[in-house]
Amino acid sequence: MALNIPKYTPPDFNQEIFINAPNATLVEVVKDGVSPANYHALSVFPEYFKINNKWVLATESRMDTVCVAYDEMGKESVNIVEFRNLKVGDKVVIGRTEDGSQGIYMYTQGFVNKSHDSDTFAFRSGRSRETAFSIDYDQLYEILKHEKAKNGYVTWVLGTAISLDEDTRNAMERLIREGYVNAILCGTSLAAFDLECGTFGTTWGQKVFRREQNTYENYYETINMVREAGSIESFVKSGQVKDGIMKACVECNVPFVLASTVRDRFTLPGTYDNVYEAQNAMRKHARKTSTIIMVSTILFTIATGNMTPSYNEFDGVIRPVYMYTVDIQEFAVNKLADRGTLTATSVVTNTQDFVKNIGRALA
Amino acid sequence: MALNIPKYTPPDFNQEIFINAPNATLVEVVKDGVSPANYHALSVFPEYFKINNKWVLATESRMDTVCVAYDEMGKESVNIVEFRNLKVGDKVVIGRTEDGSQGIYMYTQGFVNKSHDSDTFAFRSGRSRETAFSIDYDQLYEILKHEKAKNGYVTWVLGTAISLDEDTRNAMERLIREGYVNAILCGTSLAAFDLECGTFGTTWGQKVFRREQNTYENYYETINMVREAGSIESFVKSGQVKDGIMKACVECNVPFVLASTVRDRFTLPGTYDNVYEAQNAMRKHARKTSTIIMVSTILFTIATGNMTPSYNEFDGVIRPVYMYTVDIQEFAVNKLADRGTLTATSVVTNTQDFVKNIGRALA
Amino acid sequence: MALNIPKYTPPDFNQEIFINAPNATLVEVVKDGVSPANYHALSVFPEYFKINNKWVLATESRMDTVCVAYDEMGKESVNIVEFRNLKVGDKVVIGRTEDGSQGIYMYTQGFVNKSHDSDTFAFRSGRSRETAFSIDYDQLYEILKHEKAKNGYVTWVLGTAISLDEDTRNAMERLIREGYVNAILCGTSLAAFDLECGTFGTTWGQKVFRREQNTYENYYETINMVREAGSIESFVKSGQVKDGIMKACVECNVPFVLASTVRDRFTLPGTYDNVYEAQNAMRKHARKTSTIIMVSTILFTIATGNMTPSYNEFDGVIRPVYMYTVDIQEFAVNKLADRGTLTATSVVTNTQDFVKNIGRALA
Amino acid sequence: MALNIPKYTPPDFNQEIFINAPNATLVEVVKDGVSPANYHALSVFPEYFKINNKWVLATESRMDTVCVAYDEMGKESVNIVEFRNLKVGDKVVIGRTEDGSQGIYMYTQGFVNKSHDSDTFAFRSGRSRETAFSIDYDQLYEILKHEKAKNGYVTWVLGTAISLDEDTRNAMERLIREGYVNAILCGTSLAAFDLECGTFGTTWGQKVFRREQNTYENYYETINMVREAGSIESFVKSGQVKDGIMKACVECNVPFVLASTVRDRFTLPGTYDNVYEAQNAMRKHARKTSTIIMVSTILFTIATGNMTPSYNEFDGVIRPVYMYTVDIQEFAVNKLADRGTLTATSVVTNTQDFVKNIGRALA
């Protein structure tokens, strides 16, 4: 199965409607973290803003945030900013139309292949447990091989179950070591369970994989030990961890972001306990991601899906960002699809099997 | 991972309570399909009935049915019969105690290993999507190898999705051809989808696996064609089917039972449209099953789970029947577990992945 | 909230394309229960067939079945028939286009209100547990009042849980007695649980509502008793049942159809054990239904949804059939919606609460 | 239905095993936020610690945290502290047995009524969509009336859907105004949706309740407006909010805690963006709660369930804390039950209907 990345065709800005359109209206922020009224909120589609009579594409975009424009003559640019991060003096694009008539143009046809059939970039809707998924797996394998070969940036958003199951954890470790993982975003518990297993050979709420003893205390003991060591990196380097996901990340220099939730009573060093700081750290990876695989809870999947652009610019080329959402519930995978994400492929299964499938196919 | 089939220790009938117990009370049926009041309903556990002062074990048992006793001196025996199948003159065991005091003894300790740890035959409860399943897969692979080697009887209860996904259908075909399948119980749609795919290369409600055309009409065309051919066997032998599950069954002499539901507007020849006849045909396989794998809808899984004994006698040895229930919903897998099935192992995942996993491991 | 039933605007058959269209091709059935190839399968939309140069509307339609035409001059008519019910000599409409060019016209715009907003007959898509349902309940209450006042035909498809919960069972009984129920389609277990509760005061798998004793044997005892009585009607009339759904049906002359599944070991007299006979009995009600409320398992909901026309003719007027699907899983309610049902309103909740809500609002 | 609060019977500390038991071993913390190894983790049951030869009960307990003991002679006491909140010098109880032999006693029989049937404080297990819930609702109504009459402390943990549905939001507002709510814990989005509806009359991602316009921008406009006003209280007092949950809270002095998650791009003033601070604020309410109703996402339900003691001391009397968990998924409600919570009652339904039921019954 050959990989056929959709080509991007920019709008023709020589059309009358674009030439005659006014510049986008800009209004300055007067209080930090408060937007002017009537702001324009970004969508998942490519959007252009007319600034000093130039149409500027928003890259590294994010849905439901605002556009801050920089209109120094000759260096027109835009930055897509969360409301909370607005600063006094930022010039925010104002307006509620998206057809160019207010200097704002949302472009839905960029990846539509006119000569060919329209299926090249179609979202196969109505995913359920009964959808046949073989073709999606095949395509994903091709994408991951492509990303590895062409310096893509593959971000994985992982849920706790990935480090609880033996074969799944092994598959994930191999994928990291073989170069299919450029960043991991997850909760503190995935890392702690993984380190517990690598240190004590036990897993939470169960006996060891071969079920000889019940050892849930080891989870907190592990966090205590890492806290004493000062960081996950130094704990791994101390030699106490014999295998696993975190060890592979440290040894292969794969960055990870650990984000907290209100469920977490006790977190590993380096975990972001402030959700805004966590998002800022996560979005650093989302901004440069070319493929994202979300195998986590609804919370993390939606959080990351929302901040990942559906298209982006790589080496000067506009390309869709491939997005895979995996969950055992239709509700969860459809929640992201409902928001209009262009390139999301949903798979309804247990995330353990999803990761094992990829591990078997590639690493 | 070595397979360790639990050994059965019969009760010690030399104990006072058994010696002093009366014979079971028997009351004759006076109207077909109507039981005497105060009947004894079977459980999932081994049960013994005292007849002419002999304790007789019920084999090929079924929960929530009644025990018909044959008390010709020297040839005491029992048969476990559904209420609907009771005939005038059948002698039904009466009573509501199970401790022997009415000649009825339910034995819950037969597979408990007293010298060892109790885990050898434990039901790991509270299964959910977050349970680590590697160990269950490993055990299942060992069981299937054992059954193949030792003339076991492996029954598969399959849901429609199994024939809709390309890799899953291929895995199932290989498992049949490699000898891991002794009987298949399913709905008419699994067979029809499989035959459609083997004949037209298309699948229901979708385009073909490679998605070139939308072809749902082929489903009914296929059924029409098989009806014209007279049977699935003759249709397969006509050479029009190029691959698939049904073809493998016909070529490998693996029996299949097709049962209808009220959803089926149009069924393949050989499908049981009467649910009682369907159950009778299914129970013929359930009675001799040593391992059953239920990868179907809740309806078929519960139907089959209910009629499959949790233990049985093979070559004179009492052994548990291994039972695997797979569903994407905890609700479904727990429904069977709640009914007290002894040996049920639940796996929460998409059934496509479950079958593919087994296919990769064994065939 | 006023009820505004969408008006139907028939196609304008004076247009060239309709005048110039050929009559529909008819091919005779040569074997019972086998259709000619290349048949036309019905959709959920209104469809017209050109016979002897007249365009005839299919009423009492059913998706995925075929059209049998009667072309006696001056008495042109059509009947929508399941494949299995085709008889030798039936003239089946052939063709795979729906734009009139083969004498087959599928009409998607009949209920679209051109002058007004398009919302009057819109399907609110993407239903999930998070959808706000107040407005749907309000509309349903208006519909049910209208149906009661105007001799509508309200069919309820009920799941077992309706007779297991005390308040829900009471609500259903009141709705029957108050005239909001014209027919009930269900499994044998709903009726048996209801009769058990009305006779013994107990419910399956639980203690009584106030939980004093565990009494699951009473379920089968009840079926035995009704079998002895000969029918549900005669059992109710014997005075042994003190309250409940079945008693209300018998006393108010509300017909019910009991259909079996392969799970049913033992059924009440009058239950259809053959699924084709069951469907024929169910479709008698579906053909005349003006509103259908499906509060059952996926199996019965899909079965009934498939056989219920999305529009029909009442007193000479073409009207949509209102269809409510209730389930706790998005998967279930979306399965019917995916099939293109025009007027389906999905509610994602526990069916107990759904019935209690209606009971409180109306009866 | 009369409310029968289980009585607590303390252990008999005159028994030999208690008299002979040693004092609990205490080890000092040497680094903030790091526990000594081999700590004792609290359970959901009442636990006693032997300090200076006195057995001290832990109140305001929390599962999976540690016990810090204060052993000044004559003023022995304990405090249950999260690992992260440990300070240098804190004396932590060490040990892995719970039978008294290390000065640690976990008491599972405190609420068991020996003379009566054991049902008075039983957890009805195996809850599913098919469980009959009428009796649970009836009991809950009695509990809420009791709490209102006797100065109980009822904490509600609310999910976003509660403010999206019209009837549900109205029911919640009435319950607050009628005195059935002592504290609300929720995410920022519930409050923002509620305020949007109270201000603009619109709701997120939908048209207004009567569906005339699509207005999702109003959500962020609302947050901007509250930020300008400085706080929810001042925004409500400005008179711009015409109804709703937040308005009722402000006017009735019902405290609320808003906690962030990584999904929140933009939060209302007063929202805790640091998850530890959020938990500390939430636990202030959990410590004094007598009944808690969790109608939220899994995340908030587990977070709160974990920090709420299953028993507590009110006016000198040890009493169970009533805990209701509501979710549309069995997985969610069972997750808390699996952790051993004593008094949790699970209801499987849409939370909208749950709140509407209570609203109709009480307010």
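Going in written order, the chains are labelled A, B, C and D, and every chain counts its residues from 1.
Here, contacts are C-beta pairs under 8 Å (C-beta built on N, C-alpha and C of every residue); 3 or more make two chains touch, one makes a residue touch a chain.
Please read these numbers as outputs of a predicted model, since none were measured by experiment.
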| item | value |
| --- | --- |
| Contacts common to chain B and chain C (chain labels) | A, D |
| Rotation, 0 to 180 degrees and nearest 5, that superposes chain C on copy chain D via CA atoms | 180 |
| Approximate Å spacing (C-alpha centroids) for the pair chain A, chain B | 44 |
| Centre distance in Å when chain A and chain D are each reduced to the mean of their C-alpha atoms | 32 |
| Touching two or more other chains - residues of chain D | 129, 329 |
| For the chain B and chain C complex, residues of the former touching the latter | 31, 33-35, 37, 39, 41, 64-65, 82-84, 96, 217, 220-221, 223-224, 227-228, 259-267, 273-276, 278-279, 282, 297, 299-300, 302-303, 306, 329 |
| Complex interface listing, chain A residues touching chain B | 119, 129-130, 132-135, 137, 160-161, 164-168, 203, 206, 209-211, 328, 348-350, 352-354, 356-357, 360 |
| Chain D-touching residues of chain B, taken from the complex the two chains share | 126, 128-129, 329-331, 334-335, 338 |
